[in-house]
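Common to both upcoming complexes is subunit A, partnered first by subunit B, then by subunit C.
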Partner chain A sequence: MPVGATGISTQQVEEDKLVVSIGPQHPGAGHFRFTITVEGDMIVDVLPDPGYVHRGAEKQTEYRNYTQSIPLLERSSLTDVTNIIGPYSLAAEELMGIEIPPRAQYLRMIMSENQRIISHLYWLGIQAIFLGHSTMFMWPLGDRDLLIDLGEMIGGARITYSYWIPGGVRNDIPGNFKERALKTYDYFEKRLVDYERIFFENPLFLKRTQGVGVLKREEAIRFGVVGPVLRASDVKSDTRLDEPYCLYKDVNFEVPVYKECDTWARCMVHLFEMRQSIRIIRQILEKIPSGSVRVKLSPQQRTRPGEAYARVEASRGAMAFHIISDGGTKPYRTKISVPSFRNLIVLKKLLIGSHVADMPAIYWSLDYWPVEADR
Partner chain B sequence: MSIVTGTFRALAAALKQLPKKRMTLRYPETQLEMPGYYTYDPKLGVAKPGYKGRHILWLDKCTGCQLCSIACENISQAIEMVKVNRAQPNNKKSIFPQVDYAKCVFCGFCVDACPFYALGMTDDFNLVAYTKKELVYSPEKLAVPPKVTRPKVKVKFEKDVAFHE
Partner chain C sequence: MAELTTFEQFVKRVLEIVFWVLIFLPLVILPVFYLVYVLPVELQCNFVLLGCSHSIDWATALYMFSPNQLNPFDPTSFISSMGLGASSILFRAGFFPGLTFVAVLSSFVIWYERKLLAKMQYRVGPLYAGRVGGIFQSFADLFKLLFKEIVIPAKADRLMFLAPVFGMMALGGALIGIVPVGANEFVASSPYSLLIALAILSFFPLVTLIAGWASNNKFSFIGAIRALYQMISYEIPLILSVIGVVILAGSLDFTGIVNSQNKIWFIAPMILGAIVFYITAMAEVERIPFDLPEADSELVAGWLTEYTSMVFGTINLAIYIKLYAMSAIFTLLFLGGWSGPAPVPDFVWFLIKTIIVMTIFIIPRGANPRIRIDQLIDLGWVWLIGLSFLNIFIALVLKASGLL
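Right after this comes the complex of A and B.
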């Protein structure tokens, strides 16, 4: 069968069963394929087959110095660029032994939270279109552009900002940022009420998601899932809370936890988190101190020999980098632990025994991003 | 909530949008107002926020030190140093950066590397061309600031409406 198969293979399928291949082109699955075996309307077997967009990001960082890797790493996770650079910068800074000024820490948090909303809105649009709700596809992707505008004001690009770097952030925020950001978030919070009315409280949405794809608490812990999937399974776990990085201990926010453990809960976690992200940014804009935002590094900055491990809460869950350095200008080895890949394992668990029609809802509720998982 | 009220509430939320202004902007008749140039201050060691679009090269300041080209080396190899027929006392070899936009990823790390305030990035993103050759910008071409003739629009917010005007 597909995973690990070399050359042509054949298989015997029982008479009343049918094997369906989904992907790896882009019919919603992303660059990812999974094969399902169906018996009537029920899924009896699932074989996820990741790796179509593997480009060796870990290996490639060994040939680049600490700054040059950033544009490359960003491209692994295009909806979540700030948060994939985050742990990389934190680990590199630990190896370089530099302290980041508080203003830079807060700016990192603003960018990171804004990125979380951008990523969740993308997720929401696709989840809605998978459930056949095209209005809810248009609205989030339209409003997402206003948040991307905010990112553009700070980071100078619409998607790949390269904003977090080892040593701080690239630049300060422009003077009119606070006013524009508050206006945008005021507008966006009103829109979230509209979203609830048309989608999250819509009986069609409830029927398609409640009780579908249940991942019980014990199973979630045993499989080691992270992020919204874990929180929807009644586990209060958030890297921002458990091991605060940047200055997350100075802001107040809540972590959503749902007892339902189903697809509905996973959707609600995303909605809840968007509101909390706005809350965090509002607090930061109130109290952000002035000061420098970047520690100047030499173009070929050396690190101490040793290891560093850093973890942040990306929009899909805990994103971690483990860098080993031999004291040169480039990492000796980099290991990236991405949330998408860690959540993929439950796909098999959730899909077996569910209806074919529930497959899109369950699949996308995991917020699986193939490029990030394959890195 | 019953199915009937839920459905009506969803429909009402959609109907509320009917009289609202259109959110999208009409490109290419109009264009979004951009945040300005991205430049870097080597003395302070921090950049000035702006849009990272096509580069601008201030020829008279460039010393041909190649640091921008070295910075780009492992990113996309987009910068090549080329000879320009131009007598300039601070640039003895008369070499200047030439950028290939078929390769550039607009990260701006070359701007951060320039120690002489010679390189910046403009807010020009209209870089379409018929051939790949046209995407190679020579130093003279990079020195010309971009001109946008189409009217610019801004995002405006009114209570729960966002539109471009």
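Right after this comes the complex of A and C.
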């Protein structure tokens, strides 16, 4: 791209093409911008431009001790707050060399799965409004509040729980939690059937998503996408199965795999995963032992010098933290590997050659969250 | 309000005031004048004595202007001599089957649509403006829009940017003028009124294209091109679906079509035509699942992106007038128009049927996603045109066999 006299890079556009800038003020994009070149109704070129909400979360962890970083890090992904601080806590615990009591492990799993449903519901609402389905926008965002209420019972806050912390979880669940949770999930499973009837079985929805934005198995592996996008591309990959953390090897659940590899498959993966999350939580509520939920740490807990790497399955895919410590109370260096940014790589590949009208559906089916990707 | 320092600002302010007076005069002042002053007097008088029959007769109007009739102490003769009675053309065009009536009905339909969708989506909808379920929400929105600044983009073509406002209102007004609401309640009648209504409908893509082009915005432009595609390709099945009814009724006049449905409503034999008309009408008024020209997730607001303030409000009002006109035409063609049991006035029957049809137009918005442009054109050119030809064939068979 040549740079003009003013220092702004310029680009020569052919006469029959139109360059449209999507974002950062476009309602479809969020804090993210990409430029598409349109010829007729087809997209011929895409230029993603992330980085509008970079806040230096990695650098900021170097100035805070391990517990202080928790509220900061979870701001990066407000729909998925529990899972983004999960690997951070796991890596920090590895450096501190502490064992977590089993009740805390199970509580972490409950919160994590509840958070996965909350995040998927948010995703579902936006995907539906991107396809123009306003009822499916309102219903998930309304039902999401019930699950947020459950999270409030566990964690005390509505959105930012700061629940997984190095040393266990912040607090225990109240006594009436099991009863209330089972009631909520019973209701929610009925609602999922309603969702299927009005949205997932709608012929217009099938027409809009089937065969759109196909990401083949080999390509998905080669580009290194993670999470629901990878599973929709016929790859059985889930961190909870492959390298179980917490006590995921004690519960039964299925991992959805679809051979269609298109936007429809990506939508169905999310629906399937919500059901599996409920299944996991039901099992945990049956078998959760009593005991302490937190290991006592000193206010300025020191770690051993060295490195630690931990990975969990966040709602958008594998989320990993790599922490290097020099033995002090603060990390020497933190690296966050987020699923959003890994899935952004295929955006350009999927959009080129598709219709303009499919752009929002394909974009959001990758579940790209700009704040998480920019960190 | 900024202080006036130059003559130019003064002229601008005066022009602004004149503009709003022109907007307010037909919408507010005239109806109030009629309701408070003219109508009570009018109801006491004998219509025949005043020389105003139900249709407009210019010879009578001229006769009323003669000095013999004018009595300054008799308000009745004074009003009728000015051509302002309840059966005058001004009253018809400005108030009852005309602009004010449709504007109020449209604002009611906007509220009704929001309430209905809210019920479908487990929400409450408008709640606070007005005592009963936020029924005055549309008026609150109207006043909000009235007090907003009119922003015209710097690189836009100013004249062409503002032209669609008047174009849309003119087309909406023309539609109101040609669509009757009762046996005697109409603004204008013609033996070719159905043809005229279809001709007016085919002007809308032009106005849309002007709006999208003059905004000098890529989203507006893409939206306008989509609107052009959609409206032009759906106009053919729209006209073809009507032909079956015209064959059965043997008339191009709405009154004639309604009168020929005294035995059976045409929706029974012409069910295919009714379905095609319903789908194409939804595409013509750009409602979900056919709202591609305003697809908010990819095109911000489509061809309306750059419009603000009352300029936007007026265009939106015209779109709702178009929705009303489409429902009204559906009622006239397929549901027997204003026919119904006697004690209820005919226009009430017409309104009930029209609002039911509008509800059927609104409900898909809560249940369907948006369709894509290539699928839309495929549906229009392949399926709908085929179905409407089948419908014409059925109509011909029924006519030839003498069943209807």
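By definition in this document, the second predicted complex is superposed on the first by the 367 of 375 C-alpha atoms of A that agree within 3 Å, B and C clash if a C-alpha of one lies under 4 Å from a C-alpha of the other, contacts with A are read in each partner's own complex, and residues count from 1 in each chain.
Following the convention adopted for this analysis, contacts are C-beta pairs under 8 Å (C-beta built on N, C-alpha and C of every residue); 3 or more make two chains touch, one makes a residue touch a chain.
All of these numbers come straight from a predicted model, not from anything done at the bench.
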Message = Can you tell me whether subunit B or subunit C touches more residues on subunit A?
response = B
Ask   = After superposition on the shared chain, which partner residues are touched by A:S337: those of subunit B (first), subunit C (second), both, or neither?
value = neither
Query = Thinking of the overlay built on chain A, is A:D41 touched by subunit B (first), by subunit C (second), by both, or by neither?
reply = second
Ask   = Is A:I70 in contact with subunit B, with subunit C, with both, or with neither (first, second, both, neither)?
value = first
Task = State whether A:M359 touches subunit B only (first), subunit C only (second), both chains, or neither.
result = second
Query = What is the contact status of A:S292 with respect to subunit B (first) and subunit C (second): first, second, both, or neither?
reply = first
Query = Of the two partner chains, subunit B (first) and subunit C (second), which one does A:V20 touch, if any: first, second, both, or neither?
reply = second
Inquiry  = Applying the document's definition of touch, where does A:T135 land relative to subunit B and subunit C: first, second, both, or neither?
reply    = both
Request  = Please work out whether A:N202 is in contact with subunit B alone, subunit C alone, both, or neither, and reply first, second, both or neither.
outcome  = both
Query = Which residues would you name on subunit A as touching subunit B in one complex and subunit C in the other?
reply = 135, 142, 198-199, 202, 204
Key: Contacting residues of subunit C [partner subunit A, same complex]   = 117, 120-123, 218-219, 221-222, 288-289, 291-292, 295-298, 300, 365-375
Note = Per the touch rule, the subunit A residues reaching subunit C in their complex are 18, 20, 22, 26-28, 38, 41, 128-136, 138-139, 142, 198-199, 202, 204-205, 207-208, 355-360
Contact set on subunit B toward subunit A in their complex = 1-3, 6-7, 9-10, 12-14, 16-17, 23-24, 32, 35, 38, 45-52, 67, 70-71, 73-76, 105-109, 112-113, 121, 155, 157, 159-162
Inquiry  = Residue numbers of subunit A touching subunit B in their complex, please.
reply    = 63-65, 67-68, 70-72, 135, 142-143, 146, 149, 152-154, 156-157, 160, 162, 170-174, 183-184, 186-187, 190-191, 194, 197-199, 201-204, 206, 292-296, 299
